[in-house]
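Listed after this line are the structures, all set down as structure tokens.
One chain, chain A, links the two complexes that follow: it is found with chain B in the first and with chain C in the second.
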Partner chain A sequence: MENFTVNRTDKEDISVLYIGGFLDAHTAPDLENAIQNLIDGERYKIIVNFNDLTYISSAGLGVFMGYIELIRNNDGDIKMSNMSPKIFRVFDLLGFPTLYDIVDDEIKALENFK
Partner chain B sequence: MKEISKLSLLLPLALLIAAVVQDMNMLSTSEHSLTSIYIREYFVIFSLILSFPLVYKQKWASDRNVLRGLRSLFFLILFTCFLLILSNDRLDSFSDFDLDKNILYENIANYIFVLSWTFFSTIFILITLGTLRNLIYIKRKKSTARNFTWLMIFLVIYPLFNMPESFKYMNWVNNDNFEKLHYVILFIIINLMVINSFRVAWINYLNRKQKLACFWGGLLLIPIQLYFGYKFHSINPVEIFSPVLGKFVDTSIIFLTIYIVVAFLALLAHLPTAQLYDRKIRQISSLHHLSRAVSSEFDIEKLVVTIVKLTKEVTESDFSWLELEDFTTKQINLVSSINLREGEMRTRVPSADDPLAAWLKTNKEPFLNNQTSKSQVVKNLCKWKKDLNSLLVLPLIKGEDVIGFLYAGKKVEFGFEYDDADMLRAFCEQAVVAIENTRLVEESIIKERLEQELKIAHEAQMKLLPKDMPELKNVEMDAVCITANEVGGDYYDFFEIDPDRLGVVIGDVSGKGTSAAFYMAEVKGIMEALAKANQTPKNLLIPTNETLYRNFDRKTFISLIYGIIDTKNKNFIFCRAGHCPVLMASPGEDNCKLLEPKGMGIGLDAGNLFERSLQQLKMPLKTGYVYLLYTDGLTEARNKTGEEFGEERLSKAFTSVKDLSAHEIKKRIIHDIYTFFDGENATDDMTFLIIKGL
Partner chain C sequence: MTNVDKKHKKAKSIRPKFEGEYKLRIPSATDNLELIRGFVAKVAEKVGFCPDDIGKIELACDEACTNVMKHAYDKKSKNTSLDVLIKIDYQKLTLVVTDHGKGFNPNTIPMPNLKEYLAELKVGGLGIYLMRTLMDEVDYDIKPGVQNRVRMVKYLIDRKKSELVQ
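Coming up: the complex of A and B.
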């Protein structure tokens, strides 16, 4: 079984989640927990940094869909950055770029929140 | 059997009546020959012997019900004494009786009195002997029955020496020898009485309360019994009626007295240890109880309650509680308690750094402290539980690890002994086994349930896929769905729109397992219902998305391609809703093309964005055009080194076989995939569909 990691850094009112490894149906609950923790702490401005992610399955994509409505209703957003072309391809095929702000790097994502 | 024994008592009664009738005869004639006296004695003896079923068939006492036997004995004796006191005056009037005077035959009232006494006391002594026999037989050994039977035999033989005078001078024995024989038998009978009197094992079956009751009962009974025995020995009304029977009753009462006195003394010896003995028995039964719980209780919630309850019972403590390590978080939690206050349960925060917990973890020994106020180790614990003065804690050890702690506490100082710790240690070993069992069972149940669920999901998925390929003019098709161990959510289907047109769908539901299979079924139902009424893919997918968006939970979506094969106009119109692109090989071209019209996955957006994003492509389906529709399981398939099969490899594989029949193309691609896998298993469903224009 492949590993999945999620680490969090808070930058003022914005939280950055660094995710790495394999995000599939088995590891999706870890990411769910991480996002749920942010919501519980009323931190709705979230950047997900995909730099170390090697694989994402449809269940992994589902995690973002599961929370986006609640987060946007609280004046927050999930912005995504540092995707490898392969990961971006998965998002792109599904049409995620029309739903989410997907940017090249974290700095751009931080700027977009301002 | 019971009927027979009841009837068998009629015979001795008949003999006794015969003896009485003979007496009546004598009473009227007032002359009595020696022969008639002898005949009468023989009647009485046979009557006695035939009454012995009363002794041997009695069921009043057993090791399960010692008390009932003792109680009946007690009341029998008490009742007899009561009668004895009532008839005291008349008995005293007999005190100077002489057999020769034959007061028996002078007065009819005396006669009836003596006769009823005889009858009653014989029955009484036989019943009593029966009860004693049952008590003696408790925990019987080989010799028990033999000793008792010999005693009974001698109890019958001995009175024969009390035959009227002339008997002694029968020819075959002289006076001297007769006297010696008399003493020998007396000696034997006393020995037998003593031997039988030591059979008092039934005391062990009494608990402390019952022993105390027996002690008071005995204290009351013994003086009465002694008085009764003495009175009967000096004036025995039965002896007036029949010397032999009289002797029998007299000797039996002596035996009864000896037995009661010995039993009383044994009881006295048992009394001081009764409490300890009771406690041991309780401990053993608690252990037994726990062993039973081990084999029958697979619910951890109930098991911990049992463990705590039994701990309290075994140690007779005021409160007891159990802390167990959580399987996953390794945190120690209070899982069950008895007699802890609400507030105490809430404020208890077990910590592995606590000096007591640390001590237990390193020593793996029971911890016993009888003066907690003077101990540093349990300082924290005493702050939490103020009325704790004696403490006994046991670590629950599984292999090398300590998986929890079992506490027992008392409000008094010096409440525990090392004996308690030893006892509880055995108890803890059982408890650990029980806890482990419940955990294992729980795991296996979960595993089994998941497997079962998976099986159902698999079956559902297989039923949703079409069984046969549709037959079409000028178009050849083939498809395959290679399922992984887990249901991956892949799906393909066909819908006939009219004789010339066929709807084709290939999709992938996000998520896995049973839920994926259910969503798949939903997609199938909706699309099948909408296919005929909506003549273009886009027209179909827009209401499909709307319906599914409402019904799916937000995490779930589906990517799919829906196309319509038109065999009349020879074209293939399709939309891509977030799915993998379509590979197209066309005649005269060496490379195949990726067709990727824009389109968002279904279930991601309520409607507007989806509708705007969706592009529809119309492609030719003339001779030589081949389309490959696939799911991401195919391109994301990984070999041992973690390398993905990828779009490039797939398009190469596809191009090289595009001129073959659809069925051959399918076989070759499957072959290529398995070659790439090189023994590795698929982790996701792999589905693809080939459409070839002829």
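Coming up: the complex of A and C.
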């Protein structure tokens, strides 16, 4: 099994990244590449679906911090959905829920872009 | 007895299922993080920590090792190994991460004001905050180029009993 997976689906002008496995300092560059590809294609409305992610460290959270300003400056956002309680707790410890739109499921994330 | 010891004595500590030491010496490379986390999680599970605390110990260790892998050594370094030592003794698990790299002054890394920190979108530096938040004790012994150590402690607490005490 691959230790980290990222798959992309485009829904009109919104791109959804489905991430799975574990996101640490070793695998964070894979997520960086996926987000960079979206930016290169001028796709700034991004949903990250965490449904299959089992582990995250600060290196993983750092990826979102590294891109959010550029994305918001281009009228976009990174919205996050389907986090397990374990993953959400790490985001919560670092105060992310006040700065990022974290919702229960992808449908809600799509609605929040409208 | 320190304040932390008193707090945990009051919280009805339980004895670990065994006492002893486990040590892993491993090249300082991020592709070993998964292996390190597996090692730490297995030992913590064997000791009797609950899944929530196992997750905290695993993440704190990941953050300490990631700091070593990212910052301790440069390309000229010959010995780029790091050691993860787990000591199990009365009431607690002690995790010691040791490297022989550049080291840093822990006093220059204050606990960030998270709100300001995140508002400024600073990348990195959150690992040390997480370590201090997830573990009961964190301290450093830094001797640059000789030996740098991060020591972290998690007390083994009977969660059900400690809830009754509070």
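To be clear about the criterion, the second predicted complex is superposed on the first by the 112 of 114 C-alpha atoms of A that agree within 3 Å, B and C clash if a C-alpha of one lies under 4 Å from a C-alpha of the other, contacts with A are read in each partner's own complex, and residues count from 1 in each chain.
Following the convention adopted for this analysis, contacts are C-beta pairs under 8 Å (C-beta built on N, C-alpha and C of every residue); 3 or more make two chains touch, one makes a residue touch a chain.
A quick note: this is a predicted structure, and the numbers were derived from the prediction, not measured.
When the two structures are aligned on the shared chain, A:73 is found in touch with neither chain B nor chain C.
In the superposition on chain A, A:22 contacts chain C only, with no contact to chain B. Once the two complexes are overlaid on the shared chain, A:58 sits against chain B and chain C alike. Counting contacts by the rule stated earlier, residues 25, 55, 57-59, 61-62, 65-66, 68-69, 90, 93-96, 98-99 of chain A appear in both its interface with chain B and its interface with chain C. Within the complex formed with chain B, the residues of chain A that make contact are 25, 55, 57-59, 61-63, 65-66, 68-69, 90, 93-96, 98-99.
Taken together, the chain B residues at the contact with chain A in this complex read 486, 489, 508-513, 553-557, 559, 578-581, 596, 598-601, 604-605, 609, 613, 632, 636, 684. Considering their complex, residues 30-31, 33-34, 37, 55, 58-59, 62-63, 66, 69-70, 114-115, 118-119, 121-124, 126-127, 129-130, 133-134 of chain C touch chain A. Those residues of chain A that touch chain C in the shared complex are 3, 22, 24-26, 55, 57-59, 61-62, 65-66, 68-69, 86, 90, 93-96, 98-99.
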